[in-house]
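Which chain is which? They are A, B and C, in the order written, and residues in each are numbered from 1.
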Amino acid sequence: MALAWILIAGFLVMFMQAGFALVETGFCRAKNAVHTMGMNLVIYPLGVIGFWLVGYGLMLGGVDRWPQLGSPVGSAHEVGLTIGGHTFGLFGAAKFALVSVARDPSSLAMFLFAAVFMDTAATIPTGAMAERWKFLAFVIYGLFMSMLLYPLYGNWVWGGGWLSQLGAVGLGHGHVDFAGSSVVHMTGGVTALAGTMILGPRVGKFRRDGTILAMPGHNLPFSVIGTFILAFGWFGFNAGCTLSPNDPRIATIAVNTLLASSAGALAALLYVWSTVRKPDVGMACNGLLGGAVAITAPCAFVGPASAALIGVVAGLLVAFGVTTLERRFRIDDPVGAISVHGLCGAWGALAVGLLADGTYGDGWNGVAGPVRGLVFGDASQLAAQAIGVVTNAAFVFGASYGFFWIVERVVGNRVSAEVEWAGLDSLEMGSEAYPPG
Amino acid sequence: MALAWILIAGFLVMFMQAGFALVETGFCRAKNAVHTMGMNLVIYPLGVIGFWLVGYGLMLGGVDRWPQLGSPVGSAHEVGLTIGGHTFGLFGAAKFALVSVARDPSSLAMFLFAAVFMDTAATIPTGAMAERWKFLAFVIYGLFMSMLLYPLYGNWVWGGGWLSQLGAVGLGHGHVDFAGSSVVHMTGGVTALAGTMILGPRVGKFRRDGTILAMPGHNLPFSVIGTFILAFGWFGFNAGCTLSPNDPRIATIAVNTLLASSAGALAALLYVWSTVRKPDVGMACNGLLGGAVAITAPCAFVGPASAALIGVVAGLLVAFGVTTLERRFRIDDPVGAISVHGLCGAWGALAVGLLADGTYGDGWNGVAGPVRGLVFGDASQLAAQAIGVVTNAAFVFGASYGFFWIVERVVGNRVSAEVEWAGLDSLEMGSEAYPPG
Amino acid sequence: MALAWILIAGFLVMFMQAGFALVETGFCRAKNAVHTMGMNLVIYPLGVIGFWLVGYGLMLGGVDRWPQLGSPVGSAHEVGLTIGGHTFGLFGAAKFALVSVARDPSSLAMFLFAAVFMDTAATIPTGAMAERWKFLAFVIYGLFMSMLLYPLYGNWVWGGGWLSQLGAVGLGHGHVDFAGSSVVHMTGGVTALAGTMILGPRVGKFRRDGTILAMPGHNLPFSVIGTFILAFGWFGFNAGCTLSPNDPRIATIAVNTLLASSAGALAALLYVWSTVRKPDVGMACNGLLGGAVAITAPCAFVGPASAALIGVVAGLLVAFGVTTLERRFRIDDPVGAISVHGLCGAWGALAVGLLADGTYGDGWNGVAGPVRGLVFGDASQLAAQAIGVVTNAAFVFGASYGFFWIVERVVGNRVSAEVEWAGLDSLEMGSEAYPPG
């Protein structure tokens, strides 16, 4: 039954691709709708193939079994570095293209489950970098993300790598991320930040006189429906990570996901309503998503009240982040992905270190006893969480910035101003989203 | 496994929010698309938080265990009234904000499952009251519905309250509503009727010369896709109510849901086709939904042929109700929600009392023996069903009418004619659904 | 648990109706959007009722039990023809309207599962025949498909009929189609071909001077989202066919579905990109669907690498087929359904005969030992696959061509040129998809 649970959860996560496509395309202009939809469509198969060939092996090639799934996998191998008697994992080196595990149901199910998580991370930058990203550069990025960047950080937290081993040097249970606030969302959000910095803002966004041009999306209903699809799939995202339908914690996880996303939506809605006097539906969508991002790491380790609190903070972070990035830092993120996934991802990872209440996680990362955050008595867990967040910010930002920098020099990341003015659909993609009758 | 079943079913029900959003927005005009989408988006988190804080405790605070889910819950308490030696339940008084059951997986799973049912009821009036409802008044309504109105009637049928206890005074198994024809749909539809009466019709709908202005929705594809999403989620809605994947009745329930919704769609389509000579796709959507609403109460208690019959009647009721409400009673319901959910909800509840065939429900509401309707020999069951329907019509209508009446005097329910003419999106919401390039 | 698994899988397959509706409507013009959506909406309930009354009995009335589901069904009866001592099944003759099995959970669950598969096949021609099909003729077709055509071929492969019995005359395990490449997709695609030939191309498509008018669809985002919904539901389609969540092969099946659809999308994208210099998002959608169609028959019998290969071939077949049908054969298929479902369906069925690797299928169709294709040593399996494909091409094409020919003479298949020019929505359906404010 555990296989069926993981697969059903994985199907729900896969469906989130449709949610991202709708949220992002709705927040973009009609002249770039094919391009935005196209990136969201193509990242899915592109990521899957890249992850199949290389990424899965790097990320989870070192795991020799998932206890919930039974039988061990023979071929596992993790490459590590030995420091002071401890061997810290760096990357997996087995199971590439699933060759050695083509007959092992556990490895196959985990491949599917891990692949759709990777694709969630990989599709996040397509929102922040929308309306100006050259399609070829995007395709190269898709391979980089699925084959190298995501798998490496993922290995460190979920594949037996060094961030998961920090408990061995006294830091709580090591970096704990139940379903991916840091592994998936922060990785996507930080990559989006680096990409947006390299790309620069859309033509006309920031004017010489200091004013900022609002560039409203062309289809708010798309964004709302996309948000619902994401919220739907998120239950699979979080509850699936128990890897078993028999773990009663799935109820806690699902309720926390519901409450945090709800609280995030209301916090963002009410905050903006109180400041600009209008109920901003788009911001409510992003608040809901921010709450979901933030509860993703702590969802199994906290109770309902903490979940709601985490959601409220996330909703405010989104509203604050979107405004600040644009006004203060002149970062042009058409959909708010950096705030929703990057900021709230970091907050979610830290929230484990603050609010984990000691009712779950006995034996997590090989450390005895349940996971406790600062409020429940273990400051070292917060340190482990902070190290994971700082590592993500430094490594993912550095690696992706370097990657985009190289691409910039080789093929270029950005379409020409002519293409951008005309819309990427007609000149870059060769077809329009809504051609006249 | 029962937890996983309830949660998966609950996720499907949650996804119905996207279906309602699409159906309603598709049937409304483009100038109100942000407003309609916005209500459907916001009711979800708003209802969840209201239900978490208060509603769940009122509705299910008196239930001390769900047999399918195992362990009892210590804190249950139901407040009742003792009449002639019988104590009839009125409302629960425990589990508020989940505080006392924050560690109980059964209560948490049931909270999620019950919350998404509540949100289904709560989102129904947003369709009937669309295109003219002040957003602030809608938000206040959302709290009233999720915290008070829905939980009270819900308690009487599902939380151990007095309608479920009518068997003790000889009325069959008491009011039996398997998955919510009366609890969810009729409650939503009746509230929609009261709200629509207080709000009045859209400006220009009913002309002085007695003619009625057709106000076609702006996106029929949205309504069709929303219908499919609702039909998809409905399988979780109905089959999930077994609370167990091991009850073989889930097959009967799913097939009945399929047949009744199909029969409803065809009946409505053919009826309108035969009268106005065109196949009305929007009416087929509403017929499908009406059939699904009607089978929701009896889905576990009847066989396939009865399910199809129930669906046919529902489809005709929808076609008849939509026309009659508008032409005869001058009620302006842009999406047909009052007929689909109110009329068909009442019909579904009564259908249990007519057609329950004595093959299921042994011990339901504490009464020995299976549930039988009038046709299968138990007229008293029909009486219990009718009492539930009349109670819903009287209590829900009265309470919601009173609520809207008070809101009318305090903040007002309706936007100004100026806002309505311009469209609620630009003036009430501050953003447009489809801004030009 | 097996019932719950089949039902959940069936719900996912049912949801594919929304995917077809979006893909097809997105690829059609705005003036025919109500008509295209309407066909996709109505085929669902229409097919269900037709299949309930007649089709299910013809198709699966001869099956007396599904081993995974337990208890035998008493009423099964298959009508066959005895040739040379072997009795070859032709059609079932029991369980009509579910009357004799109204209390049997296994039969009911299998009815729902089989009905949504039938509806998948039945909705395929609505794409190829879109923008010119008279609604009444379409309704008649819906009954023909769900009551007769699909059930007959389905019986031969899945209901105990003669194609499944070819093992008895030495042809491998008989025709093996795990989840429906031939039964569902090729049947739909071949019927679409016959219908398109009878209907003829859309007015203005093929000009007298030999040039071809591009008629781009009106909403590419719809098509992309529809593709994601189909890809999501496909996991239920393929993995559900184990009829049990406890068969560890579900992991293989799901991964193969993921890899083949991904490989198909990339192959089609890259092929077109390399030829016309633009990344064609619509073609990537169709490539993804083609890969999914092709892996549907072999998904349980091959490993990940073969799945990717099958997907690559399918993606190329789609790109080639769409172009060739239009340019060479002057077949006007607005959505590419004939190539995606017909060509790739045939390829998928043949792929079993080529690449089945002998790791699964022991006892399939009553033949001992696992299923092996030509590459793994059993040429006779390829023969059985080819016979099934040729039978489908001959029987389904002939029967549907004959059916459309008769309808042509009785009510006519095609709307008038006047209606077609104006758009089917305003004159045939009586309502517009996107009426002005």
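The definition used in the following text is that contacts are C-beta pairs under 8 Å (C-beta built on N, C-alpha and C of every residue); 3 or more make two chains touch, one makes a residue touch a chain.
None of these values were measured; they are calculated from a predicted model.
Q: Figure out the least number of contact steps between chain A and chain C, where 1 means they touch directly.
A: Contact-graph shortest path, chain A to chain C, evaluates to 1.
Q: Tell me whether chain B and chain C, two copies of the same sequence, contact each other through the same residue numbers or different ones, using over half shared as the line for same.
A: Counting which numbers both chains contribute, under half are shared, so the two copies meet through different residues.
Q: Can you grab the rotation angle between chain A and chain B? Superpose on CA, round to the nearest 5°.
A: 120
Q: Need the CA-centroid distance for the pair chain B / chain C, whole Å please.
A: The computed centroid separation for chain B versus chain C comes out at 35 Å.
Q: For chain A, give me the residues that contact two or more of the other chains.
A: 1, 8, 219
Q: So in the complex, which bits of chain A are touching chain B?
A: Against chain B, chain A makes touches at 1, 5, 8, 12, 29-31, 216-221, 224-225, 227-229, 231-232, 235-236, 239, 245-246, 248-252, 254-255, 258-259, 261-266, 269, 276-282, 284-285, 288, 303-305, 308, 359.
Q: For the complex, which residues does chain B have touching chain A?
A: Touch list, chain B to chain A: 1, 3-4, 7-8, 10-11, 14-15, 17-18, 21-22, 25, 33-34, 37-38, 40-42, 44-46, 48-49, 52, 97-99, 102-103, 105-106, 108-109, 111-112, 115, 135, 219, 222, 428-435, 437.
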